[in-house]
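Two complexes follow with chain A in common, the first pairing it with chain B and the second with chain C.
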Partner chain A sequence: MEARLDRLGHARRWVGRQAAAVGFDEEAVAAWQLALDEALTNIIRHAYEGRGGPIRVETDFDGERMRVVVEDEGLRFDLSAYAPPDLETASIGGYGIFLMQRVLDDVAYDTSPPKGTRLTLVKRLGRSEAREKDTS
Partner chain B sequence: MKLWMQDEGDVAVVGLDASADLMADGVAAFRAAFESLVTERLRVVLDLSRVDGIDSSGLGTLVNLSRWVAARGGELRLAAVSRPVEMVFEITRLYRLFEIYGGVPEAVASFEARA
Partner chain C sequence: MNVLVDRRGAVTVLALRGEVDAGTVSRLRRAVAAEVEAGARQLVVDLTDVGFMDSTALAALLGLQNDMRLDHGGDLRLCGPPPQLRQVLALTRLEDVFAIFPHRAAAVASYL
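This part shows the complex of A and B:
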């Protein structure tokens, strides 16, 4: 996909369909949509600084967890420079990565590719979701 | 993104025409529509019942709009928050920056109670 804010709605609907298809419930589908939205917004605004560029998004499911891999060719993300927001003082910024980490089980940044960053997002099916899937 | 505004006494109630996400791709249009409708109003209730989801950009926009109203001596209160939006408020604990009511009538009444 192209790194543009006007592509975000399409990306949210796409990941929502993927998550629903493998059995995530409504709240988990919303979590996936939020997480991918934050990941892509960071790439559009920071990795490509609003100038656009390619983003590759892939998903797979192993029966227990869905994984979404997001790759860009923009400026590399420096995780060491990231500080989570201070919830005690109700700080206003810095919630994007924090939200991804809170609604998913794993968020991993890999800057070893020759260009850009590979971000891997993982969420497991909940017990009730897995049970429903087994009996369906 | 289209918004409507309705007067309930001296309280301005603002909401979305159609269901939408308040996320990075829509916040600029939302903010422009809100500011053009609300202009000088001091008591404002934002009906969030048709906001399906919110991200960090949407949260930041609500905080900025609240400050924009407050800068004139007014107050923005929120009503009818959907579950996905409530989840984000809870995770970030930014609900502490707003007065949030279950429904629009309660939010409007909260202004009148302190009139």
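This part shows the complex of A and C:
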């Protein structure tokens, strides 16, 4: 997809369909949509600084965990420069990565590709979701 | 995302309909600016029909609330957040920062 803010809704709907198809419940689907939205917003604003660029998003499911990999070719993300928000003090901004980490099981940044950053998002099916999937 | 304005005496309700993200949040900002320009000081943002809201949108609401309180001697209160938004508010602990009401009537009445 192109790194444009007007593509965020399309991306949310896409990941929502993927998550629902493998058995995530409504709350987990919403979690996926929020996480991908936050990830893409960061790429659009910070990796590409609003100038646009390509973003590749892929997903796979191993029967237990869904993984979404997001790759860009923009400015590399510097995790060492990230500090989680101080929840005792309301701040304007800085919640994107924090929210991804809270609603997913794993959020991993990889800056080893030749260009840009590879972000891997993982969430496991909950026990009740897995049971429902097994009996369907 | 659409913004529907409902003026109830001294209280102005901005009802958001749709999804509020980094791409659409400017519509909210413009709507608030227009109402403030017209003299509104007691605002309610009705989130009942918001299907999605991310941290950019929440940050915008926080900024608008701060502006209303600090620059205009007014306030901005929220009502009707759906479950997805309630979760985000809880995770960020911003539910303690905003005045949030279950529905529009309660939010409007809070100004009386």
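By definition in this document, the second predicted complex is superposed on the first by the 136 of 136 C-alpha atoms of A that agree within 3 Å, B and C clash if a C-alpha of one lies under 4 Å from a C-alpha of the other, contacts with A are read in each partner's own complex, and residues count from 1 in each chain.
The rule is short, and it goes like this: a residue touches a chain if its C-beta (ideal position, glycine included) is under 8 Å from a C-beta of that chain, and two chains touch if they have at least 3 such contacts.
Because the structure is a prediction, the values reported are computed rather than measured.
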item	value
Fit or clash - chain C, chain B, common chain A	clash
Touching partner for A:Leu5 - first (chain B), second (chain C), both, neither	both
Touching partner for A:Gly53 - first (chain B), second (chain C), both, neither	neither
Which of chain B and chain C A:Asp37 touches, first, second, both or neither	both
Contacts of A:Gly126 with chain B and chain C, given as first, second, both or neither	neither
Chain B versus chain C as contact partner of A:Val103, first or second or both or neither	both
Shared chain A contacts, counted only where both chain B and chain C touch the same residue	5-6, 8-9, 12, 27, 30, 33-34, 37-38, 41, 44-45, 85, 87, 90, 92-93, 95-96, 98-99, 102-103
Footprint of chain A on chain B - complex, ascending	21, 23-25, 53, 55-57, 59-60, 63, 83-84, 87-88, 91-94, 96-97
Residues of chain A that touch chain C when the two form their complex	4-6, 8-9, 12, 27, 30, 33-34, 37-38, 41, 44-45, 85, 87-88, 90-93, 95-96, 98-99, 102-103
Chain A residues within the chain B interface of the complex	5-9, 12, 27, 30-31, 33-34, 37-38, 41, 44-45, 85, 87, 90, 92-93, 95-96, 98-99, 102-103
For the chain C and chain A complex, residues of the former touching the latter	19, 21-23, 52, 54-56, 58-59, 62-63, 83-84, 87-88, 91-94, 97
